[in-house]
Each structure stands twice: as C-alpha cells, then as structure tokens.
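Dropping a structure here in structure tokens format, bear with me for questions.
Think of it as A, B, C and D in the order they're written, each chain with its own count starting at 1.
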Amino acid sequence: MWIIRDSIFIGLLEASPLILAAMGFTLIYYLNGFINFAYGENMTFGAYFAVMLNVGLGLNFYVAIIPAALLAGCLSVATYLFIFRPALNRGVKPSEMIILSVGLSFMLRYGLVLFVGAENAYLNEPPIGFYNFMGLGATNLQLIALILVIIFALNLYWLIYKTNFGEVIRGLANNEDLAQVSGINPHKVSVRVWFIAGVAGGLSGIFSGVFALANPQMGWNLILITIMVSIVAGVGSVRGALIASIVAGILTSFITLISKPLYAEVVLLLAFIFILWQRGGKTA
Amino acid sequence: MKLHMQGLSKSYHAGHPVLDVPEGTLGEYGLEGLIGPNGAGKSTMMGLLTRRIAPSTGSVTLEDGKTTHRLNPLKSHDVARLGLVKTNQRIQGFESLTIRDSLRLAATPFGQETYRGVLRDTTMDAAIETEIDAYLARFKFDDPDGFAKSGGEKKLLDILRCMILKPRMLLMDEPTAGLPDDVTQEVMKLVGEKVKAKEMTVVIVEHDLELIWKHCKYVHFLSEGAILFHGTPKDVKKNRVVAEKYMGI
Amino acid sequence: MAYLLFSLSLLLVYIGLAQMLHVQFGLLGIPNFGVVGFWGFGMYFVGVLQVQLSMSFVDAMILSSVILAAISYGLGHLILRLERQAILCATIAFSAIIALLVVTEKWATMGVVGLGTIRYPLRVFGAEEVLHFTLLLVFVIAAQLYLHRLHGSRLGRLMIAIRDNEELAASLGKDTFRVKLHAFTITATIMGILGGLSAALNQFLTPNMIVPSITFAVWISLVLGGKEHALGPMMGVFVTFGIFDIFIETYAPVSPEFAVLVPNIKLFLYGALLVAVLLYRPSGFLDKDTTPADILGGILRAIAATLGGVITALSVTAKGVETLAAKTKKDDDA
Amino acid sequence: MLDVTNLSSGYGDVEVLHDINFSVESEIFAVLGANGAGKSTLLMTLAKLLPLRGGSLTWQGTDVTQTRAYDLTAAGIAYVPQEHNVFPDLSVAENLSLGGLVGTRPKDERLAEVYDLFPRLADRKNQFAGSLSGGEGQMLAVGRALMQDPKLILLDEPSAGLSPKFVDILFEKIADARANRGVSIVLAEQNAVKTLEVADRVLVLSLGQQHLLEDAKALDRKQLMEAYHI
C-alpha cells in the first residue's frame, strides 16, 4: 500500500506545475486548434519574470508571483497578436502553425539566453522548512506550491465551467459561426483566453522549479509532456487536462518508485502513441 | 454494371436512421437519376455505395454480368478499381497539380507508380497523352497546362478525372452545380455517348430536375431515407408523392 | 583542415536528412517531428554493434537498417492513418523514447559516459576522413538525382496528390495508405543509414547528441529552403548550417568573447527566420516553380546577405575588442 | 427593415446567388425553392457569415454590407442555421444563456419565456445539447435565437429532418413568436405548404436566381411547381 500512497503524494507534488500548464495549453489548443510549442517559453518567461521582480527589484518572494504571472499573460497576448493571429488570418494550416510556433519558441528561448545567459537563475528563497506529513517528507515550499496550484487550478476550472465567460469560451471553441451570431467577437475573446493561458503558463513556470530557479530550457523540457497530457485528455477538454495531468504525475512517480525514473517517461510516451492510435488520431 | 443494395441502413445516432433501403438496384437502365428533397439521404447513399461511409447494417454488391463483388470488405480505392467511381458534389482537387497532371494521375493505372519507375523515363505514356489531348480538345480550359482556375473549371476537371478512369459505373453527385450551362450540355452529351456505347452505366444525383427529366431513362425518388418510388421520368413526374415531398403539397 | 572536413561531412548528413524529410513532408505531407530519433537510432545501433560486438561496419549497418525498417513500418502502421497533428506528436514521442533509451540502457550504450571509439568504414591509412566524406557525398548526390527524377515521375505526382487531397486520390483508385507507409519506411530507414554513417563520423557517441534541436534544425532547413522544391533541402542546409556552423564558426574571424554567443545567435536567428518565412513566404526560399535562373539569383542574394552579416559581425567584434582594449588599458592605468 | 439590393454571394470559387432584390418588413417572409436553389446561402449571407460578392444590405436604414456578424447580432438580427445550430458540448441552459448575451432585458426573464414556449427544454436544461433529439435540437436553436430578443430572425429550414408532428409544433411556435412578440421572420423552407400557411410574402428561388416575389395568398401551385421544375 505504501507505494500507492507515496505515488499519489509525490505525484501530486511533482505534477503541480504540469496541471496548470496542461490547463493553459489546452485552452489555446481548444480555441485555436493548433499545438503551440511557444507555450513552453511562456512558462520559462514566467519564471524569469519572477526572478527579475524578486532578485532584481527586491520584491517579496510571494508577492512577486502575481506581477510575474500577469507579465507572462501579456507575453502570451503579444505572441497571439503579433505572430499567431496574423498567421491564422493568412490561412496558415494547423501543421504549419506548429512549425511557426517552434520557430517562435526558438526565438524566445535563445533570445532569452542571449539576454540573461544559459545558466540557472536563482530566486531569493524564504527559509526552507521541512515537514513530515503522514510519514512523508516535503518542504514548506513544495507544500505551498501545491496549495497555490490547487487554488489556481480550481479557479481556472470555475472560470471555464461556471461563469458566463467560460460559456463564451466553450461556445466559441464549439462552433465559431454560431458564437458569432450569438454576438461574440472572436478576437476579443481570443485575446482574453491567451492572457489567461499565459498567466497559467507563467505560474506553472514559477512553480516548476518549486520556486527555486529558472533556466532558459525549462519550458522546453516541460512542453512535450504538457502537449501529451493535453492531447490524451481528449478533445480540448480543460477538465480532462486537469485529470490527465494528475494521473500522469501519479503514474510517473509510481513507475519511478518501482524502476528507473526514465522508464516512466518511456512508458508514458508509448502509452501516448497507443492512445492516439486507439482514438484514431482525433486531436482537434 | 449494377449496384444492388440489401438491407442497407445508416444511423449516426442510435435510433433514427438517415437511410434505410431494404432492397434496391441502381444501374439497370443505363442512365438513371436519383432525386429527392433535402435531407432525403442522397449523399449518405452515395457515400455508402462508394465505401466512404461504413453502413450500420446491410450490404452492397456490384454485379457486372459475370461476377458479383461484395463491396462491404473493400476500401474506397478498391471500389474505384472495380470500376465504380463517383464525381464530387463539393469542389475537390489537387491544388499543386496542373490540369494535365491531374488527368495523368487519374489515367495512370495504380501500381505503375513504382520506385524503380522513377529511374526509367516512363512519365509520358503515348496512349494516355492522346486520350488527355482528346478530352482537352473537347472541353476547353483557359490554360490546360496550368491550374484549374474557376469553380467551373475545377468541377469540370473533377468530372473528366472520373471519365478518364474509364469507370463501368459512374455516380455523378450534382454535376451541374457550379458548371456553366454549355459545359453541362457537353458533359451530358459525353455521358450519353458513353452510355449508348454501353461503356458505362450512370446514376445522376441532381437538384436541377429539368436535367433529370431530359436525360434519364429511369428515376429513383428518395425521401426520408427510403426509396419511395421509382419509374420512368414521366411516371415519377406524375406521381403526387413526389410533389408532396418536395413542396409539402 | 580535418575540422573543416568533419563539418562538411556533417553538412552532407544534414542535407541527406532534409532530403528524406522533403519526401515525407514536402511531397507526402507527413510531418515527421522525430527525425533525430531515426537518425539517432541508426547512429547508436551501428555504434553499439561495432564497439560492443565487434561487428563489421557493413554487417552492423545492414542489421540496423533491417531493424529500423521494421520499426518504421510498425510505427507507420500505427500513425499514418491519423491526422497530421497526431502524427507529429507521435513521431516526437518516438524520438524522445530513443533518446531516453540511449541514456537508460547503459549496458549497451555506456549511457552518459559515452560510446567509442567507432572506426571509419573505409580504412585507408591517412585518407579515412576524405573517403568517408566522399562516401557521404556520393550518397547525397545520388539522393539528389533521384529526387529530381521523382519530381517529374508518376510516383512523385501521386505523392503530391496524396498530400493535397488524400481522400480524392483514394477515390481515383490509389492505395494511398500503402504509398505513405512504404515511403515513410524507406525514408525513415535512410535517415537511420545516415545515422550509421554519422556514427563513424563522430567516432565517440554521447546521449546529448540525440537532442530535439537536430530535428528542428532539419525542419528549419527544409522550410527555409523550400519544402516542395527538389533543391529546397540542399539550399536550406546551405543557408543555415553552411553559413553558421561552417562559415562563421570556422572562418569568420570572431573574437573568443563573441564566439561563445554565436551558437545562441544562430538558434535565435533560425527561429526568427522560420517565423518570418512562414508569415511572409510560406513556400520557403525556393517556391515549387522556382527555375534554375531564380536559384542563381537567390544564391547571389544569399551571398550578399551573408557578407552583410559578416561585416556586421566584424564591426561588432572590432568594437568589442576596442572597448575591451580600452578597458584593459584603464585597468592597467589604475 | 431589411433591404437587399442586387445581392450576389457564394462559396470559394462558386457564385451561388445572383442579383437578388427584396425587402423584409414586419412580417413572416418566406424563402422557398428546391434544394440547391440557394436558400441557405442567402440566409448565411444575410447573417454576414458569408461576405457579399456584390450588392448591398441595409438594416433599419443603416448600411450593413460590411458589418461583422457579431455586430449585426447586437443590432437585432438573429440567425438559426439549418445544421450545427446548437453548441453540442454545452448544456441546454448554457446554450440559451449564450443566446442571451445580447439584449437588455434580464436574462432570467427571457429564459423563463423560452422555457414557457418550449417546456421540453426546461426538462432537459442540464443535458448536453449534442445529446438532444432532432426536434429538441431545433427547439433549442430557435429558443437560443429568441433569447437574443431579436427584431428579425433568419430561420433556415427548421423543419428539415423533423417528424410531421414536430413540424406542426414548430410552425405553431413560429407563428406564436410573430404574433405575440412582434418579431419578423425570414423563413427559408423547402416545405412550401406549411410555410405558405404562416407566411405573409414569398420569395421563390430557382437555381440561384430570383424566380418570383409574391404575396403568400396569391401564389398558386402551378407557379411553385414551375420553380421546383416538377
């Protein structure tokens, strides 16, 4: 039994950034129907904004999170307005949109490297405390990250499924023509959705080093698993992304506990190909 | 060639079927029409016959005098190779192929596109080129060596692509939509010649009923997923049910 | 000189990969985002068989190709019926699996320690590098000639038709899945053969050679060069790898301070170029109807652009050196 | 209210409608024609989901030829497509709520009216719209349009694929909406008889051309059969 309990506990701790990233990524995927690799850089930049505000401006560690996430949201909107929307308007096909997003991802990532260097950037952490929780160890930062992720994820969930704006988003993703004749301006809604997704991505980046550090490659390392989780979760369902990311986290830690950590990824990747095949490749 | 449907049905949601044909035969009379109001299931029937849509129940068989082919286990390309071909209602095309290349593609028998063939100089086949030239002489395109430009040219190319496959049974799904009148006349003339020469049997699905009355020997009337009536154009035109289903009278 | 030969050989490998991707994506529309997986599989498999089992190069290459062909065929069966985004994800996943297995299976690959030394297949004392380069050159030229023929052939026409409208091609009696499956298997296996040839080229293999950047470098080359043009892959690799990795890194007189930035600038520009091309010229440098005359003009323009870049780089460097000198002088004075 | 002058429209490479002229007043305005006549294209163009290729469109005295679909909706024109006329992954209540985005009266008030008109929808309010039957789906689509408090509804073949009983109910509701709410309706239909029972005036299309424009009462069977080529 310990192995299940441990898997769930470690899995949740590990999956917490993934949960936000998968939900945010899914929002964009759901609305615009293409895979956005540059979302990885959205996470990276979120973490760097936090470093900048925390170390550079000396802002309190927890306070810095909020403006950093908002800045990440703005970055996301900027990529939409200046790159993706013009491309969509020109009728670039989904498979080419992906290549475009890869290009943007390279640009942002190595632009960042040129700007801040390839080394890790560290945050000024508050003192680390160590807690014993049902016989399992976790640091105070890990627990706070987990709690914050739960709060943010629930908020996002509530926004999408319980508010009028959530209806608008889902309606627009469901049937754009009908949304338009219901009085919805798709561009306005898209801008807001990219902002929300960007905020989620930024938060995910901040949490993914458990507040510790930022690195230009961090988003890139997370984006593949984010894409997989989001696609496995089904046809652009934010609810599904929430569940799938938790399952992926728990499954990873379970396999890690019984074998080599890297096998967990291999198993996940094989499962991913298998699920795609089973579903007949309906991604969007 | 004849198409025989047996217990053929298709339902997308459990319950109400979009098409339900206990028994039916198409292609006995050379040139036939298939008509019916919106939502009657004409497109579904076309899709089922060419194996683009899998049926919920029932089977389709293709009879060409000697042999009978069961179509159920076949893929859509197998059906085409048996000689059953359909023109498209919506404009379809290969945007990177010129008109001539598009016709060459259709005229090349499958299996001749080999990796070794790439090394041999076999891209031009004299017989095929002659045939294409004949078609292009009869049907004028703005620039036969360029791309099909207007919707009409694309639609015509779609029909010619099917013709050059030399099908033994041709299903035409709304051939006139988007086609200029004079081209429609010429297409129908060509179809008439092929049918007369017993090279192919043709079934036309059309909204333009004038065309059906004028050219078809036999008409099937489809409504609410069932073949309600079939007969000569005269009989069908006289039938009250037809007017009723079309206009609710 | 030896380094130049190595770089040129690597350039040929990239051209070869881009040529195969041209068939997969440019002609057939299969978005293979796992190029590094197929290439890396060939490289490591040939390397392991040679080092651990002392197999001859030819035997190792044959065995590796047969196995990779079987894998590609199986993978193709699973994914080639899927829609494009799904194919893209599945091939990325495939390459990630290969990269992970190289790290975990230490008994065969030596893991992060690295695997070596792999010897050249053609062992003539003193001329091994040249012969290996020649082998790659012959390989790439042969592939290029075949591609040119393919573009005007029945098979090429069919491939383009499948890319444009697969359902319509099927309705004309073409077994589109079979065409895709065979082409995918063949080209993926050739990617593995190029990997096998890269094993000898690199001599010493480490897992960090199997990184997604390779896939993307090939993609960027193809998309920049022109995905639908037979010369697109070659052109693309010249303007990316050729200019940056060979010309600037090897020849441009860049100061060491500046040199460490070059790879990052390169990747940044790759990204920027890709964005610009997709937004403003989606067909890439060479349109599918580009003629040889256009290409010549393009080359001249490319040279001009390169010279411009080099001059800029030189002036930046000169300025940097000047500042540095001034600073050193100030320090000295102090 | 709505004036259509020399309108032409189509999809992609094909021009479907040529030179259409009419104006809709406070009435039920029927658009009849066999399939392929261009009814759906006409309504889609009026809803501004297809751009006009020629001609102009005026709504309550304002030129709306270039107006976007969502702005036209806000100006009081609702549109019910023939197919894909609900948000399948949203519940019935959410579908109606989206319809209520425009309009000024309290949403709950309008919702109550729609549930009143279609009690079946109230029973199914938490069900996904994608799981409704054909008739219920049509009701939801009409209900969603009524939620907008429109001055004009463009209704594209609401009877297609419905059982006769449902068609009767639906036409009754349409007549009801006209009579009690004063909303004008452009009703595209193939089913001429039912339509003529409720319509004031009729535009008959034939293969993309304007065949005739007539008072519903004055139209006789022969004219109609001619237009339908039967």
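What we mean here is this: contacts are C-beta pairs under 8 Å (C-beta built on N, C-alpha and C of every residue); 3 or more make two chains touch, one makes a residue touch a chain.
The model shown is predicted, which means the values in this text are computed figures rather than measured ones.
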Problem set entry | Least hop count linking chain A to chain B through chains in contact | 2
Exercise. Which two chains does the highest number of contacting C-beta pairs join?
Worked result: A-C
Seminar exercise, completed: If chain centres are mean C-alpha positions, then the most distant from chain A is chain B
Seminar exercise, completed: dist(centroid_CA(chain A), centroid_CA(chain C)) in Å evaluates to 30
Exercise. What is the distance in Å between the mean C-alpha positions of chain C and chain D?
Worked result: 56
Exercise. Using CA atom averages as chain centres, what separation in Å is found between chain B and chain D?
Worked result: 33
For this session: Provide the C-alpha centroid distance between chain A and chain D, rounded to the nearest whole angstrom.
Result: 42
Exercise. How is the touch graph of the chains shaped: line, ring, star, complete or other?
Worked result: ring
Seminar exercise, completed: Each pair of chains that touches is included here, namely A-C, A-D, B-C, B-D
Problem set entry | chain C residues within the chain B interface of the complex | 146, 149-150, 152-158, 160-161, 163-165, 167-176, 179, 186, 228, 288
Exercise. Which residues of chain B touch chain D in their complex?
Worked result: 16, 37-39, 91, 150-152, 154-155, 174, 177-178, 207-210, 213, 237, 242-243, 246-249
Problem set entry | Interface residues, chain C side, partner chain A - complex | 29, 31, 75, 78-79, 81-90, 92-94, 96-97, 100-101, 103-104, 212, 216, 219-220, 223, 261, 264-265, 267-268, 270-275, 278-279, 282
Seminar exercise, completed: In their shared complex, chain D is touched by residues of chain A numbered 164, 167-168, 170-171, 174-175, 177-186
Exercise. Touching chain C in the complex: which residues of chain B?
Worked result: 50, 52, 75-77, 80-81, 85-86, 88, 92-97, 101-102, 104-106, 108, 110, 112-115, 117-119, 122-123, 161, 165
